[in-house]
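Think of it as A, B, C, D and E in the order they're written, each chain with its own count starting at 1.
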Amino acid sequence: MAEPVLEIRNLNVDYGLGDKAVHAVRDVNLTLHRGEVLGLAGESGSGKSTLAYGLTRLLAPPGVITGGEVVYHPSSAAAYDVLGLSDQQLRAWRWAETAIVFQGAMNSLNPVHKISTQLTDVLKAHDPKMSEHSRNARAREMLKLVGISADRMGAYPHQLSGGMRQRVMIGMALILQPQVVIMDEPTTALDVVMQRQILGQLIELRERLGFSVIFITHDLSLLVEFSNRIAIMYGGRIVEEAPAATIYRDALHPYSKGLLSSFPALRGPKRELAGIPGSPPDLAGMPTGCSFHPRCPKAFEPCSTAIPVLGRPDTPDGAGRSVACWLHPAEQPVSAV
Amino acid sequence: ACSDSPNANNANANKGGVDYLRIGMPNGTQTENHNPFAGTSSANALGYKWMLYEPLLMWNPVKPAEPAKPWLAKEVKWAADFKSADITVRDNATWSDGQKLTADDVAYTFTLLKSNEALNANAIPFGDITVSGSTVHVTFAAPQFVNQNKIMANTTIVPKHIWEKISDPATDVNKNPVGSGPYTLKSFTQAGVVLTLRDSGYWGTMPKVKELRYTSYADNSAQTTALANGEAEWSFVFIPNYQATFVSKDPQNHKIWAPGVLGIHGLYINTTVKPFDDPKLRQAMNMVINRADIFNQAEAGYFHPQINSVTGLPDGAGDAFIAPEYKDKKLTVDVAGAKALLQSAGYQLNGTTLTDPSGKPVKITLTDPAPWSDYQTSLEIIKTNLAEIGIAATVDKANQDKWDQNVQKGDFQATLRWTNGGATPYDIYQTVMDGDLMKPIGTASQQGNFGRFKSPEATAALKAYANATSDADRTTAMNQIQKVFVEQAPMLPVGSDNVGGAYSTKNWTGWPSDADPYAGMQPTQPYALDVVQHLKPANS
Amino acid sequence: MTSLQDAKAPANEVVLEAIGLTKHFPVRRRLRDLFSSSEKKAVHAVDDVHLTLRRGKVVALVGESGSGKSTVARLLAQLYPRTDGDIQLHGESTRVKGGSAFRGYAARVQMIFQDPFASLNPVHTIRYHLTRALQIHGHAGRTEADLEAALTDLLGRVSLTPPERYLDKFPHELSGGQRQRVAIARALGARPEALLADEPVSMLDVSIRLGVLNLLRDLKERLNLAILYITHDIASARYFADETMVMYAGRMVEGGDSETVTQTPAHPYTRLLIASAPDPDRLTGDLDPTEEDRGNGEPPSLIDPPSGCRFHPRCPAAMPRCSTDLPVPLTIGDAPGHWAACWLYDVPEGAGK
Amino acid sequence: MKYILQRLAFYLFTAWAAITLNFFIPRLVPGDPVQSLITKYQGQLSTKSIQSLYVLFGLDKDKSLWSQYIDYWKQLFHGDLGLSFTFFPAPVSQVIGQALPWTLLLVGITTVISFVLGTSLGVVAGWRRGSWADGLLPVTTFFSSVPYFWLGIIAIYLLAGPDSFFPSSGGFDSGLVPAWDQYFIPSAIQHSLLPALTILISSVSGWILSMRNMMVTVSSEDYITVAHAKGLPERRVAVAYAARNALLPNISGFALALGFIVGGTLLVEIVFSYPGLGYTLLQGLGAKDYPLMQGVFLVITISVLVANLLADIAYLLLDPRTRKEG
Amino acid sequence: MTIPTSSIEQVIPGQGSMAQPEEPRPGRSRRQRFLFVRNKKAATGLVILAGYTIVGVIGPWVAPYDPSARGNDLVQGPSAAHWFGTTHLGQDVFSQILVGTRSVMLVGFLAGAIATVLSVLIGVTAGYLGGKTDDSLSMLTNVVLVIPAVPLMIIITSVLNNASDMLVALVIGLTSWSWNARVLRAQTLSLRRRDFVEASRASGESTWRIIVFELMPNLTAVIASGFVGTVIFAVLSEITLAFIGVVSNSGWNWGTILFWAQGQQALGQDAWWWFVPAGLAIALLGTSLSLINFGIDEFVSPRLRSAGKTKLRTASGRTVRMRIGFTPVLENSPLPKTHAVVATPVMREAK
């Protein structure tokens, strides 16, 4: 396995403090390796975005990181904890090392500034010595990279279509050649045709430039197709993590299975769609034990009392995957790295 | 660049002592208009027309019975019937453009008024105007005894050679005023008007004040503040509690002098409204009004000097005209007397309610515009006074326009209002009692007699006074008029008008005073020039 | 109404039919357009759409965003006046603008909106919404008890039991799926014959979409409803609808039996759509080169739509004719009722690929 | 073309309706200019002068309201606003012309300063919530609830006085003549300080508050998070991203405030005897000076309409989204 | 005079980003509506307002003196007998303030109510119906907006001789609805596009029912805020009119007190007690109403609401300051923290 580039250890994120706090992300352990696409799936409210924002410290108030660390491994220096950086260091780290592409490109681009301004101000902030000319050249180059003609540099965001805006965002994310790109539902607002084009382009760029991607979506079938490994979140926790094909073929956690059987397939024989009964949990009043147990068809006695630990399952092909389920008690908890 | 600035010499002047006088009036925004005949001109509102132009005679309203001083006229001779006058014009006066002032100019000025109704503010019925040498002979369609000072001491004489070129004298703004006075116009701005002393050619005493700076303040309170701060040195404005508001700010220099003149304020009663058509009731009301309270509380102890004579004539200015029978009759608060009078007239006082002979309770509404705070305060006092004889009064704070309309149409019960003023008490009594001015209820009576007071004797006596050809006839008529006024009480006099002003002796002294009442104290009146001529620098 | 009788009406009976339905929205202009040209412009949102809804059948309408799907639904619900064409209810032409005529129409054709978060008034309880739905169409009964029974029945139909747990809640106190069920219940309150469901599940969470779709299918069968199912997810159309129509830029481009359309798509746009859908079985993210989009994935402007076939600027198989002649619906041989509006299937040119 | 005409028709119709109302409303008031003049001088003007005044003002001829209205429009088309009664025979245009610059300078500049200051403080308060700027809010709110005139009078009482730097009234020193020189300008500024301060204190809170709220709203927009994620310096995020966008809704408010300059601060001008238009209007009101009232109303109407137009244009310039492509 | 600067119109829901769709929408349930009172600003404002209302009701009864009665202490400073001193007629200023409260409150609220009803009728109808109705109603609104309000009030009150409080309120109400109508129209336009309005139309609701039962309840916050804003405006207008002496009722209100005080040069006589209390009473009333409006603003816009809480207290008693873009990190994680090597990040050169 390739070396890690980003290690999330026991990350905990709350909204608010005290009794009313909502624990949106709990004890998340996740490792992103160099050059891979890590998919993060889960239904709405499971904490995917919170995790993404939390590890970059971009959560809006009242979000608070209540514990854990995010260890970043630069390509040629010692690793360090992102959560321990000063404001100044954090600002330098952001975008240069880790860039983010958000769901709505319309809202991610400042409506009153030209595309060129928004592309070059990153360069200006991170390398004040760079000449204006080379900044513009670089911006043009990035636009070409994502398939937008350079003459759109002077356009305002609203003059571009949704797909173009999303491409601009991707181009902007890559402009400093970061190690990690986090993509939070980058294509959910787009049509399938456009979605495929953009993702195809991204994968191609990744192969060329060699960055790692954390790819967040609730569309599992998309993840299976595009990512190397998939982590599935439920109720603020990672419930299962494994290579994409493994999950698709043989998900261990009942929730993962449920998710997979919620998608009607376009090709092949019509499968029976089971879906997941019940409704997503309320983070403020989380069930005891495994938070999935009220909806789980296979729940049994320990599920309602004890929280299962994420770890290597006891199945024969358990290598390289982990699950948090009493059906497959962990042999080796992930947290004990 | 600064040398050709219009303000440059001003700054220099400021350095060596104060050689200017700052005069203020609370008359609001002004537009440039130096037309001395236009009532709305800035020259009139701020009064500086009297520094540019001069009258034929200088009359002192504080001593109305005294003869007026010669000014541009060496002498004015009226015919016994006061239907014509001979005016001899002084021969050493020049206009500020250097031309000589002649009898022609005087004759031209009167002709101007005669032929322009809009300029003839006092509606003087001019007849023939002829010139022979330095004498002007003027005739009138009616006797002008009561108007003599309006004609001779209140008319600005303007140069013929300038004005005959003006196409419409009523609306011309007289951009470059040329007058006979000691001052000429230096500048006009919204902030005020600056007059500067003529270099030469003035016939009379040259004033010591080099520059007069007139400022128009937005309202009384702004004017008062300016006076208190020393930003204005001379003004005519009502200053409430003047001791605290004005004098105490600089007790050494801040002074007020407010002599009364022949023009009064009083409570007009609508004599067509029952039961106020009964003179007895009006007399009783007259007996309970506490004029001292009104003077001290509403008029700040100076503004409308308290009237003491039962004739309604002010102390000082009115003294010479009071009929012998009323010489020592003073207005005093006499509640018991009033009650007795009412009882005898068939009124009944049950506890706190007075009922008229028909058994109806007596109620009255006192009305005046809301913003006139001194009147309003006076009404509040009158209200409590009337309560003592059981008359329930309510004070109605009317809207000013509505009030004016109602008063003219006779749609009111009682209101505090002023009378016209003049050189004799005639104007006062005419405004109150002249049957010729009376209009039916509902028709606006613009000239006077708002209370619809019907008295043939009074009307006849007023006419006799105006047309009399001898002083004896006048005295008889005046005594007759006063008798009606006292016995019928068509209006309850309260205070007199004043020609007072507030001033500061910080920079200039020599102001008129009780000790030396050589003129009135208002900066907008003809005698203002006389006052300025009396001023001396304080530090000399 | 006579919903029970209606429920026994023969399936396949035509309830609602759109014939040549067209809607152009005039472009509203603002001050900023002062200096631009002054020609009157319109958004050609829907052009010449034919559609038939039958009892007990689900018709799916698929297409990308902005292709005019919602506009078709709103036209059918008579919420917009139409520019041209006809809507026939049981074979009778109808055009209602408001008042009781509209009410009568609404009693038979009801609409379900895409966003259950937005389609319920946040200030009213579930009880209010449902009571109004019943009252408007006179199904509330005479007494309190009648009403209560009717409400219980409604909630029961959409599997929200026990009713008292939901009746007095406010919309925000329910989950998305529950809200959409309430919205469906509200539509059912009118006891309609046709339901127009505009993307009823696309705003819902993946795990609860299926529940709502299954509910609709169930209702279709039990109440013998005619359903128009609008979606951009062609895979769900395959599972849920009997018939699928594909829309592109305001025009219908293909239609037919759902299985046929999804498995053997004829129109190049449909093929592109299906090729683009995520497919876990595919190993790489690459597209089949033959299905490559010639455009940038951008739909055309509807204010000034392309001449001829609206898809021709993006079509990999475009012919000169495509840019000039408007394609007519052509029957495809492989299954009955399958048609596509594409010149590739014009007989002299040869029967497709 | 049709559209331009429509838009023009809209503005013209509004102007026509407002001007017509402006014509009729003052005439509903009882009384006439002559009577007002008589009562204004309380005895200083003899009732005998009434007739001469009627003749002077040209009020002696009876004319129907309708024919007056027609004449009014005829005059307007010749750019003639008639003669003022209060300042007879000054033309209304001259009266307005001498007052308008003062109002525009005092109230206009103050409004601009208030907007700039309030907006800047609002940016700080909205961006650094919980800092000192937040403490400013209750204080400014209190002051903004105080009537202008009360604050002005208190200011005069406390700050103006004998030998005080602040004059209590007027637009400049009475000995000066308006000119662009080193005597006049400092004097004009000195005289404008107190009234300006009064307006500033009572109007700044509104701007602070609305800007703060917009900043807070904009701060949670995605593009702000993206700007942070891009590692931009905080100043740039706050100014170029947050404030720039938060400013947009305030622009229309600002334009409207500019439109209200003339009618809005009447009493400040009165309290400070400031030679501006609001004060002139009040004098016209008191004197039944229809031509003057109409003239001032016309100025107000036009300035509000122009401000609306400006708001449209400002939006056009500041928000690229409203700009046409190409 | 002043433009109501409530920010309500600037936080039109749906104008901002579409983020946080799952956030419970505010103003949504009756139960939540009470939460409004929990807002500290609104609560403070409401308490002060309640105080004024009580004084407005009982003021004339508890006033120690008849406010018009003349006394012997002229222009006396505050004392035990006269808390706020006396006027030039020896009237008790404190009693005048107490008695004057009623008129101010009455006119303020009545005018607010009239203006609100008009603005709702005109604004909501124009916004919902659109088309020709909208055009003509908007035109009317614009014309009224263009005519300067205070001079207009002065003119109208001059026509109505001796206007009573009711009439004054009517005049103020009739001249000050246009701003709110504009805001409401804009709000209605944005609401009209919301699905629930369309949905109730689709289910066959009549137009007036949609306006009254679907739209208006969603506009309550805007209407309330407009109402409060108009009340402030009305109070200031009434006081201005009384101060310049055009409103001529014989009753007392704070403007009348100021009118007398100014007419008598109270401050020039150093009689500050005569002039200051009425102004402070106005300012405090205005502040309380503004506070209520802030409360409404925050209630409507959850972003503003949460913006208030910028400092949070942790269990251990530490305060954490919330900052956008830099999420606070708490160190009291329940798990022992394994410290990684922390190095200064190295900027990689852009190639």
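Here is the rule we use: a residue touches a chain if its C-beta (ideal position, glycine included) is under 8 Å from a C-beta of that chain, and two chains touch if they have at least 3 such contacts.
For each chain, UniProt lists the protein as follows: A, C = Dipeptide/oligopeptide/nickel ABC transporter ATP-binding protein; D, E = Peptide ABC transporter permease.
Every value quoted in this text rests on a predicted model; they were computed, and no experiment measured them.
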| item | value |
| --- | --- |
| Any chain that touches chain D and chain B | E |
| Relative to chain A, chain with the most remote C-alpha centre | B |
| Comparison of A-E and C-E by number of C-beta pairs in contact, larger one | A-E |
| Greatest separation from chain E - chain, by CA centre | B |
| Whole-Å gap between the CA centroids of chain C and chain E | 46 |
| Centre-of-Cα separation between chain C and chain A, whole angstrom | 33 |
| Centroid distance [mean C-alpha coordinates] between chain E and chain B, Å | 50 |
| For chain D paired with chain E, centre-to-centre distance based on mean C-alpha positions, whole Å | 22 |
| Where chain B touches two or more other chains at once, by residue number | 221, 225, 228, 369, 401-402 |
| In chain E, residues with contacts to at least two other chains | 17, 19, 158, 244, 262, 268, 307, 310, 322, 324-326 |
| Multi-chain contact residues (two or more partners), chain C | none |
| In the complex, chain D residues that touch chain E | 10, 13-14, 17-18, 21-22, 25-26, 28-30, 126, 129-130, 138, 141-151, 153-154, 156-157, 202-203, 206-207, 209-210, 213-214, 216-222, 224-225, 227-229, 234, 237, 249-250, 253, 256-257, 260, 262-267, 270, 281-282, 285, 293, 296-297, 300-301, 304-305 |
| Of chain C, residues touching chain A in the complex | 64-65, 175, 177-178, 205-211, 214, 232-236, 238-240, 262-263, 272-282, 285-287, 293, 296-299 |
| Interface residues, chain E side, partner chain B - complex | 68, 70, 74-75, 88-89, 157-158, 161-162, 244-250, 259-260, 262-265, 268-271 |
| Chain D - residues contacting chain A, complex | 220-223, 225-233, 236, 240-241, 244-245, 248, 318-321, 323, 325 |
| Chain C residues within the chain E interface of the complex | 74, 77, 79, 98, 102-103, 106-107, 110-111, 113-115, 117-124, 132-133, 136-137, 170-173, 183, 186-187, 189-190 |
